[in-house]
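Chain lettering (A, B, C, D and E) follows the sequence in which the chains are written, and residue indices restart at 1 in each chain.
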Amino acid sequence: MLLRTNIPLRYILKGIKTELLFVVIYAGLIALEDRYIHLIKIDIPLSVPMIMGTVLSLLLAFKSNQAYDRWWEARIVWGAVVNDSRSLVRQVLSFSETPYESEEVQSWQARITNRQIAWPYALGMSLRKKMDLEVLRPYLSARELKFITTHENVPNALLQLHAQDLRYGLQQGWLNSYQQVEIDQTLTKLTDSMGKCERIKSTVFPVTYSLYTHYCLFFFVMLLPFALLTVFGVMEVLIVLAISTAFFLIERMAIHLQDPFEDKPTDTPMTIISQTIERNLKQMIGDHEAVRHVTAPDTDFYVM
Amino acid sequence: MLLRTNIPLRYILKGIKTELLFVVIYAGLIALEDRYIHLIKIDIPLSVPMIMGTVLSLLLAFKSNQAYDRWWEARIVWGAVVNDSRSLVRQVLSFSETPYESEEVQSWQARITNRQIAWPYALGMSLRKKMDLEVLRPYLSARELKFITTHENVPNALLQLHAQDLRYGLQQGWLNSYQQVEIDQTLTKLTDSMGKCERIKSTVFPVTYSLYTHYCLFFFVMLLPFALLTVFGVMEVLIVLAISTAFFLIERMAIHLQDPFEDKPTDTPMTIISQTIERNLKQMIGDHEAVRHVTAPDTDFYVM
Amino acid sequence: MLLRTNIPLRYILKGIKTELLFVVIYAGLIALEDRYIHLIKIDIPLSVPMIMGTVLSLLLAFKSNQAYDRWWEARIVWGAVVNDSRSLVRQVLSFSETPYESEEVQSWQARITNRQIAWPYALGMSLRKKMDLEVLRPYLSARELKFITTHENVPNALLQLHAQDLRYGLQQGWLNSYQQVEIDQTLTKLTDSMGKCERIKSTVFPVTYSLYTHYCLFFFVMLLPFALLTVFGVMEVLIVLAISTAFFLIERMAIHLQDPFEDKPTDTPMTIISQTIERNLKQMIGDHEAVRHVTAPDTDFYVM
Amino acid sequence: MLLRTNIPLRYILKGIKTELLFVVIYAGLIALEDRYIHLIKIDIPLSVPMIMGTVLSLLLAFKSNQAYDRWWEARIVWGAVVNDSRSLVRQVLSFSETPYESEEVQSWQARITNRQIAWPYALGMSLRKKMDLEVLRPYLSARELKFITTHENVPNALLQLHAQDLRYGLQQGWLNSYQQVEIDQTLTKLTDSMGKCERIKSTVFPVTYSLYTHYCLFFFVMLLPFALLTVFGVMEVLIVLAISTAFFLIERMAIHLQDPFEDKPTDTPMTIISQTIERNLKQMIGDHEAVRHVTAPDTDFYVM
Amino acid sequence: MLLRTNIPLRYILKGIKTELLFVVIYAGLIALEDRYIHLIKIDIPLSVPMIMGTVLSLLLAFKSNQAYDRWWEARIVWGAVVNDSRSLVRQVLSFSETPYESEEVQSWQARITNRQIAWPYALGMSLRKKMDLEVLRPYLSARELKFITTHENVPNALLQLHAQDLRYGLQQGWLNSYQQVEIDQTLTKLTDSMGKCERIKSTVFPVTYSLYTHYCLFFFVMLLPFALLTVFGVMEVLIVLAISTAFFLIERMAIHLQDPFEDKPTDTPMTIISQTIERNLKQMIGDHEAVRHVTAPDTDFYVM
């Protein structure tokens, strides 16, 4: 079998049930009319819906590709978040060179690491417009929590706190000038990832395209029965249903993919990724105990 | 419902009303001629317009893809402007290390931040060829305003002022040499974003392609009635109208997308993005009061 | 002849044998029914499966392209692993400037080089979920082995050890500050490569697309015999088999390509690449003896 | 109207007039033969040229895409030249920190700026194989002119002079070590842009593809009249002309786009871009007088 | 005329002569059978091979695109080799700041430059599996030649020698620390280019795709005569030949492009590029005499 996860067929069809209902009723009415009433006598050659079908394929292929690109870019950005989180902590751990492993340095390293664990959680909640500071509380001090509540953009505020800690590390002599600048570049990368997510989130896929594709699809579906009636008779309803299901599903999937941060089952798995980051970073600072406390990923969402 | 914004159908059709009027009159005349006059007797098999339709699909798919790429690149560039603005201010705030938080340093930081708030507004107006220095006045000093009036390219002049302030920061010892070079790299990124916008703005999509697609589309539309006449009779007018609307809309949408800085309703939302930047940067320097004064985005434009 | 490797036809067909069996039985039953029973009398015009075929081509082209992109990205990432391994060792060898080629420095260089040889092996096993520390034992000290056993993510732990050795080199004066930062950038690149592999591994190709393509393909195959029956008679079974083999093979190949780290014959050749890295790095530290001991690549897997 | 520039239809058709003449004569002869001579009796079903048309669409879509990519990459590279020129001058102006704004430093800055103004002109002439040192004379000293005459690759020689001036600036203490390296990175970017232009210029689009597309197109055109004769009679000449014009135009446009540095009307507007750079850089060093002397862009070329 | 080089038609057809011979014989036999024997009576409607043709177009378009991408990437990589060679020498010449232009420094600069001239020759021979150290002898000292003979990967060994010379330059005070690191980044870029070439070389295009496309094409060709027999009679042989030539040529071209380092006439022109690099670098160190000795490019290969 070629599937990796058990997505019930029901779930897939749920999204297009209104459209399918409409198709069945519409095609059924036409079949009934043709059988018992004979008021209208339209007989369209199959090549007319075929031209429409070509245009439609063009539009859907275009839409699918752009939607997939958005979805895949979202995944790439979150992959970069994973990488840059690891790099940040590796740099903070290995750059700071004190003559003895002082407790002060270690608490400074732990502070930055915990804040970096909080960062992807904060970014995820910010993108889903569900900011809940309680989630971040275990990783931040009271002072830090107070600071970020005054900011609209919480992840950006956390990066600002990172930057302040880097300056503190430079002033204390735990970092040299090159190292501060180098770690700051990692902060810049995190800023870029954050901005990319916001861009994908806030840029609506050109609405006119979506709208037009939708109209064009309905027009195609409404033409279809007249072309199939002479060949199939009542069976036409089934064929129309099958073909239109095909097109509606492609459209629906593109719609799902094109908004990867909308808190839907087919979303980017931001919480799972954040938990992976948490486990990795905790191990990097030797906090093997804490790792076990990271709850297992919530399996409520289908992985898409 | 699968739309996110209410774009009235009227708005979409407005752009192609001349073309549709022409199609209706043309197809109508042919239908009338066929019914009452019978002077000409042309009957084209459907496969001839189908060949044309394939060529046309090729051209429109090509055009749509390139137009979408331009539009999406414009969005990426403005996303980078957001990111680099935040990074710039974060660097200016966290690098400058004075023994005490002197007032002089703070005013220097605020000066750079305000200038960076002005920058995206200036870039947007420059791209729309609607430079209005009054918009920038709240963020700049009199000396700065005087400096930029002597420059054709206002955003570039602002970056030059940034660079001078960095040198000043180095001379005063607020920045060290690495930090100056590091912030200068952020200025280089802003220069690149500015140049990319200008490139998209000034590079016309190959005119011959556009022209040819347009001619080809008209030829196709003019062939269509003769192919549909025998099958549909007078109904032909409706089918021709439907099919040609489809093609004209795709062409029109590509034309809209391909020029993302033309001050049209479907434009890149540069003003909204600039306001987001303003709110973010003001919060970064702790100016929470000012944030409230940023007016809400102008909803006069449809988001595309 | 245009093939480069002898993949037996048998291997290719093995993956789709269930599907082909189903097709033969199904098409055969319909042919028998048509010849001897005459219960059903369905005759579909060929243009109906042709519309389905267009939709299907759209879906398969989409799937093939995305699958190929995943596969090719996996290759690019592993190419980058090769490059960065060489750069890392070149930097470690040429940066460390001691007045005399002390033994201590050489052992430090050898330690890093050996660890870098272990790294791609560890990454490969980690991606295939077959971590076997025995494979890494020849390249690591006991202390290093103990360190990585406490980590879930072994390649990340190795990079952390690299970073600690760089700090040690800086403390000993074998590296200057710029050089440490420069080599750290190479570590960041390796971190990025690791993260990209994990992203490709853990991101399932949108299941709904796969599922839908599969259903659509079956529907197409089940329609086909009815369209071909009148033209070909019993020969129809062969034609249906040929056409459906074509489509099933394209689907199967896309499935193979889309998961490049699944320990299948058509996998990314991670072990071979790791061996190339081992040979290169050993020669760079002048260990020409050891090169001979690297076993020849295991030819058990077909190169895809 | 959807065009931005008035390209006369005549100009577009000029490039394919030989081909069109051939088509008219060929299709005309066949029409005459069919009407008056009746020697040959070939009647091809329309689906045969339709298969050819599909192959042809494939080839032309492929060719158009690659040609467009070359053309667009050329524009991107020249956009980068604009950006890096501005960054270079901004860095030279803002990095050099002398206690007093000495005349010596200012003349050094002006020397580099003028040389950078000369650089895009030199690159443009080099790519068009029309090197004219007189064009560069206003921006260079006699010594510099003498130096570049000994080099085949003039733009590369100019970058070498830039690099020498940077070293001079370092020796004089006008730049510190980081700043020299930072500006050198901008020189590296300019080197990359230069090399990319040379690559596009010197890499011929795979000739076999072009050749084959051309043959295939002719074969298609020669088949067409036989398929259209029975349906259209003498009208066939017009239809063949229309369809083949469509295909020939697409081919011709791809040929135009694929060589963006060939000194043709549809070229990359390198001279206009160079003049924009000149105006920008002159304003950056405060030379507002000189800006007026930059002649208006030569409107002899159509913008494509 | 639209061709830039005279590739004889003969050369293009040579690659597919076996296939064409097979097609002629096969189609001829069927035509003869149909005329004189009448044993078999198969008559396939044209729409069956048309479905196959669509699938085939899909496969060939996919293959052409990926092959072109490989070929174009190879060109991009070699373009980067040109750029980085120039940047390396520019940096070595302009960074080294000795109080007086000592002879020792000049010989060190010449040594690195000559080694960099040797590098692309070595890379080219390495990719073509034709390593000939005699070609490199003019540019290397005896000691260097001896060093590289102990390495499997010659270009990598040359980069290691570069890195050693950079350390020597640092030790002698000819370079400062930033400059060493900066030039080392150029070495990293060259390492990346080398690795990318090796990746393209060693990654076989998915064999199953190639194989399947080939089988599918043969199946299509074998179906074709039966579909064309009723329409064309004996003429069918010519039409089958024409159509199958079209498809075979596209396949063949894709095969040519997909392996850009195979020492074939349509190869990446690595020797010509290496000679361009040699001329450029020699002029950069003022060795105008030597430039004349670089032999003209070998015109034995067709430029593709």
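Assume a contact is a pair of C-beta atoms (placed from the backbone, for glycine too) under 8 Å apart; a residue touches a chain by one contact, two chains touch by 3 or more.
Given the structure is predicted, the values throughout are model-derived calculations rather than measurements.
Give me the chains shared as neighbours by chain B and chain C.
Both chain B and chain C are touched by A, going by the contact rule given at the top.
Can you list every chain that touches chain A and also touches chain D?
B
Examine where the copies chain D and chain E touch and state whether the two sides share over half of their residue numbers (same) or under half (different).
different
Taking each chain's centre as the mean position of its Cα atoms, how many Å separate chain A from chain B?
About 24 Å, centre to centre.
Please report how many Å separate the Cα centroid of chain C from that of chain D, as a whole number.
Each chain reduced to its C-alpha mean, chain C and chain D end up 39 Å apart.
Scan chain C for residues touching two or more other chains and write them down.
Counting only residues that touch two or more other chains, chain C contributes 47, 50, 54, 61, 178.
Ring order, please: chain A first, chain C next, then the rest.
With chain A as the starting chain and chain C following, the sequence is A, C, E, D, B.
Which residues, counting only chain E, touch chain C once they are in their complex?
42, 44-45, 47-48, 50-52, 54-55, 58-59, 61-62, 66, 150-153, 156-157, 159-160, 163-164, 166-167, 170-171, 177-178, 180-181, 184-185, 187-188, 191-192, 194-196, 198-199, 203-204, 206-212, 214, 216, 219, 251, 255
Write out the stretch or stretches of chain A touching chain C in their complex.
Within the complex, chain A touches chain C at residues 2-5, 7, 9, 12, 46-47, 49-50, 53-54, 57, 60-61, 64-65, 68, 71-72, 75-76, 78-80, 82-83, 86-87, 90-91, 93-95, 97, 176, 178-179, 182, 186, 228, 231-232, 235, 239, 242-243, 246-247, 249-250, 253, 256-257, 266, 279-280, 283-284, 288, 291, 302-304.
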